[in-house]
Amino acid sequence: MHSIPIGVLGASGYAGRELCALITRHPRLSLAFATANEQRGKTAELPGGGKVTFVATDDAPLADAALVFSAMPHGASKVWVERARAAGAKAVDLSADLRIGNDGGATPYGLTEAWRERIRGADLVANPGCYPTAILLGLLPLLEQGLIAKGATIGASAASGVTGAGFSARTDLLFGEVTENFRAYGVGNTHRHLNEMRAMVAELGADADLLFTPHLLPAARGILATMTVPLTRELPSVLDPWTARYANEPFIELVQDPPELRHVAHRNVARIAVMKVAHVRTPTLLVFSAIDNLMKGAAGQALQNANLMLGLDETLGLPA
Amino acid sequence: MHSIPIGVLGASGYAGRELCALITRHPRLSLAFATANEQRGKTAELPGGGKVTFVATDDAPLADAALVFSAMPHGASKVWVERARAAGAKAVDLSADLRIGNDGGATPYGLTEAWRERIRGADLVANPGCYPTAILLGLLPLLEQGLIAKGATIGASAASGVTGAGFSARTDLLFGEVTENFRAYGVGNTHRHLNEMRAMVAELGADADLLFTPHLLPAARGILATMTVPLTRELPSVLDPWTARYANEPFIELVQDPPELRHVAHRNVARIAVMKVAHVRTPTLLVFSAIDNLMKGAAGQALQNANLMLGLDETLGLPA
Amino acid sequence: MHSIPIGVLGASGYAGRELCALITRHPRLSLAFATANEQRGKTAELPGGGKVTFVATDDAPLADAALVFSAMPHGASKVWVERARAAGAKAVDLSADLRIGNDGGATPYGLTEAWRERIRGADLVANPGCYPTAILLGLLPLLEQGLIAKGATIGASAASGVTGAGFSARTDLLFGEVTENFRAYGVGNTHRHLNEMRAMVAELGADADLLFTPHLLPAARGILATMTVPLTRELPSVLDPWTARYANEPFIELVQDPPELRHVAHRNVARIAVMKVAHVRTPTLLVFSAIDNLMKGAAGQALQNANLMLGLDETLGLPA
Amino acid sequence: MHSIPIGVLGASGYAGRELCALITRHPRLSLAFATANEQRGKTAELPGGGKVTFVATDDAPLADAALVFSAMPHGASKVWVERARAAGAKAVDLSADLRIGNDGGATPYGLTEAWRERIRGADLVANPGCYPTAILLGLLPLLEQGLIAKGATIGASAASGVTGAGFSARTDLLFGEVTENFRAYGVGNTHRHLNEMRAMVAELGADADLLFTPHLLPAARGILATMTVPLTRELPSVLDPWTARYANEPFIELVQDPPELRHVAHRNVARIAVMKVAHVRTPTLLVFSAIDNLMKGAAGQALQNANLMLGLDETLGLPA
């Protein structure tokens, strides 16, 4: 059985290297090329072992790949995805360029558990942001089942490890600035990821606002979203919407206790817990959703989508 | 000028040692004794330098102290505070035993900026919990000025460094379990600190619910509370309530950007920022409040109160 | 093909859970039982996903297992290993009880790369300590080839993540005590691991002293040993002894730059680098050796040995 | 009593901001200006509270200062120190430019405890590097008293927090690259600090080599040096050389147990411990020396020197 050649554009960042590592261990895929302009000709270690040597993006043999992942920066990615498509390759874009809310919604939005059938037949998929993945997977059953109070504000306070900010030489991401620290950023509901979340809330027919406040953790990886959701009515059994919706999902874990980042690290899963709230008059649920921002929040979900686009078993090559 | 003798009960924990350190550097106070039953006879290093030798609590010469701090465990503290009072010493209880919401409210609640005049004349003060200090100082102007929407739910998602859980030999607090991790605990609005916060909200005349979700940070110290507050109406200038209320407060810092834990570490301050919220129909404010849980959230505020109780300048011996 | 049943004694600690995780993912092995007296009846999460439920050690069906790993505490392990052997199971003891230097050397010492043939035929193997694994694998080529100066002192300064101290409720291992800290321990050449290292140095015919100084890192896992080795003579090509000795070793990585802990994390490898030293008159080499203390330093090497003892491919089920 | 005006060149880095903070809290000094070309016009928070606004270095009113600290980069510092001297200001250069071993040794080397009298009368002092401060203070009694074996190799394995690498936008210093990691760098005895250490060893009359291996800790601040020192003979009481030499030193702490970084953090002290070594034939001592790299290793020692140069009490304004 021949392996399927895959390309990675923008492969020197955190998500790009994670993609290269997943591809090199995948039973059916092989890495055709990995591009990184500033690192061209250089070799980097991959997470979990192994190495990759980068070529210049302009030198990428796009036509050699059956599918191309783009982990290029926002803004620069779109044109490369178009070139890959023009060369005959399928494409998964990990940037925000083609995501719902940013680009009219023409491209299937790769939140696999929400839009699996659209993804299965697609040649091009826009992979969700890491925060939207955590938050939307937590809310999906409530959104789809119309359980959120009309006009209500959903509170989504979330915290991410620093790899979420990318492999960038920024002084505010230095170890000396992040250790023993914690702070919010992108505040006042202004973060770039808000668009796609608002668009998906509307797409799923809910009439609610989202108040999203991201924070930077002194940790390398992982996102925990803590959500408070006003309901149309008290639910007799709070976990029911999730158990019903996610019964057969291979990458969703419903748990009793609040999920911990370490339990989802290096795994392509979303771990979700739901709690009743005491001492509050408005019927309200507390929903926790934890992912590894580089796996289910980026490279893992991208590969999950690619598996579907290539007609493979969705779970192939994914650590769960 | 003679120094004033001070005792510390339960001095071997994080807050107790911080108190001993503050007292030994205070220009007017001196440490008369520090008790720790399991550590009696042993010497410990104090944060910032210096040492203390512990005596058994039963051997504490309570009558030698003008004022006694109790950092004894919840439940065990009350009786020792009574003994200190019976011996003629003033007392500040850092446990939850005598706090509003837990004990009828007869003892002045030591949230200094809220109840300064009651504290100034008091012989006994119940020092607030660390989370309530951060959250109530953030909300105080809105609560006092009646700006919170009736029946609304105030969201308070907060994260604390592990010293907030005390100096306890618990496997869930081991470095190996906390590093690269993040998780909620005490969830569903059930944390022990909820009582005093609800009581203070009511005491200040607000008709609102509080939904409090604490999280454990991979950091040693600091608390950041991120609050979403539905308002009765849009405020033309969102910071006005805070600038008016806190104009002359020596330990309140109002800032433009979201506060960072590292900027309040080892300091007896609360740093507060307020933001408008976009894309949400209900008029809502985002309020951040950051403190060092061991300083303004424990030992520092306790000393701030003790200064007032002893007729000293409130700021003496406090790092700001 | 039937899977081979394996038991784990003392499975609730860090190494024990790592063993359970490796066994459950192994293509030829299955977990027959996992014991933990204090946690009996309880279920724990395994690293990388999956769960295990513990039984009391007294209830362990020893005879059901083809091989038993003991991760029991030092002192308590020996008797259980004897019981497992008496019940007909092969055994790998991860405690210090049967290691060379501690027990006469009758039991093969499971430093796989040094004693592979003795291990292959063995029914019982004493698995090395984590520090000795890192240090001896770094020194092995020099020791075997007689290149270390007679009577010289080999300096071995090493640093370990806190999981090396076990899953113990000790206040000195709390996050608040370890973060932003670094310290030596077991100093003056007194650490428990010294015996087995000295015995192996002698066993390999070298006449040199070892000066071992372990340190505790603010990190969860990994050991880096930094060794200075006085030589009998300058080596024309310093890496030659290692490239010759380790040419066909699947779990030894020779690298040019100083090895980093993150590159060996969660992998059953030792990564070794060797450097010339400038400005020093005595011919001296600088040797670095990095391992994951829970993998190559404990569970991984134990499984590597078990594979050999069971007649399987040595690399089966081991992440490299 | 008028305050003495002090300037800081290159004030936006870690050491520069620490200097500004120390000066603003000093009882006799005041901050005349703080320069930072890229940050000119901007305001930064100081450690421990307070703020500073930077001016361009070209705009520094050098003649207004009685003393100028230069925390400019190596290479760029020397010319600015000369300009400050030409303008009539005394100067402390924190760069390597004028240090012994790098510049002929004409400028007094500001290792205060070694060269106090030369510093007291000086108009210009070259402040030592952070590693040399830790290592030389640990070795000083042995060096001065001729106790180190002739021709021997002193092993100095040291680990530093990342602020030692400066406030630089480098990807290898990102939180995501440093957390849960540990590695050596500048290996093979090639680190820039080696020159000044070798020069001081020679200056003090010792005939020994130094083998220095620095490591990068997953911590913000602090240096621990672990040194193995071959002696001319066994010492009956190993701590004697240190107790005799450092009896009256205000900033040297001799301790029984291995020193911990957290106990020297934010303090201008060197904490030193000395241990006998067992099982080694060559008489050898184990010496530990711990400092805060930004305090005793940079800004604190610079101020200690400045106090002497200005005729003030050496300990003024320094946290111990």
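Note that the chains take the letters A, B, C and D in the order they are written out, and that residue 1 is the start of every chain.
Operating definition for what follows: a residue touches a chain if its C-beta (ideal position, glycine included) is under 8 Å from a C-beta of that chain, and two chains touch if they have at least 3 such contacts.
What you see is a predicted model; the values in this text were computed from it and never measured.
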| item | value |
| --- | --- |
| Per Cα centroids, the chain farthest from chain B | C |
| Proportion of interface numbers common to chain B and chain C (over half same, under half different) | same |
| Intercentroid distance (Cα basis), chain D paired with chain C, Å | 38 |
| Separation of mean Cα positions, chain C and chain B [Å, integer] | 46 |
| Centre distance in Å when chain B and chain D are each reduced to the mean of their C-alpha atoms | 37 |
| Chain B: positions in contact with at least two other chains | 161, 177, 179-180, 218-221 |
| Category of the chain touch graph - line, ring, star, complete, other | complete |
| Complex contacts: residues of chain B adjacent to chain C | 14, 161-163, 167-171, 173-180, 218-221 |
| Residues on chain A engaged by chain B in the complex (per definition of touch) | 151, 153, 155, 157, 159, 161, 177, 179-185, 187-190, 194, 198, 209-211, 213, 215, 217-222, 224, 226, 228, 230, 258-262, 265, 275-282, 284, 286, 288 |
| Partner chain B, residues of chain D touching it in the complex | 45, 48-49, 179-180, 263, 266-267, 269, 319-320 |
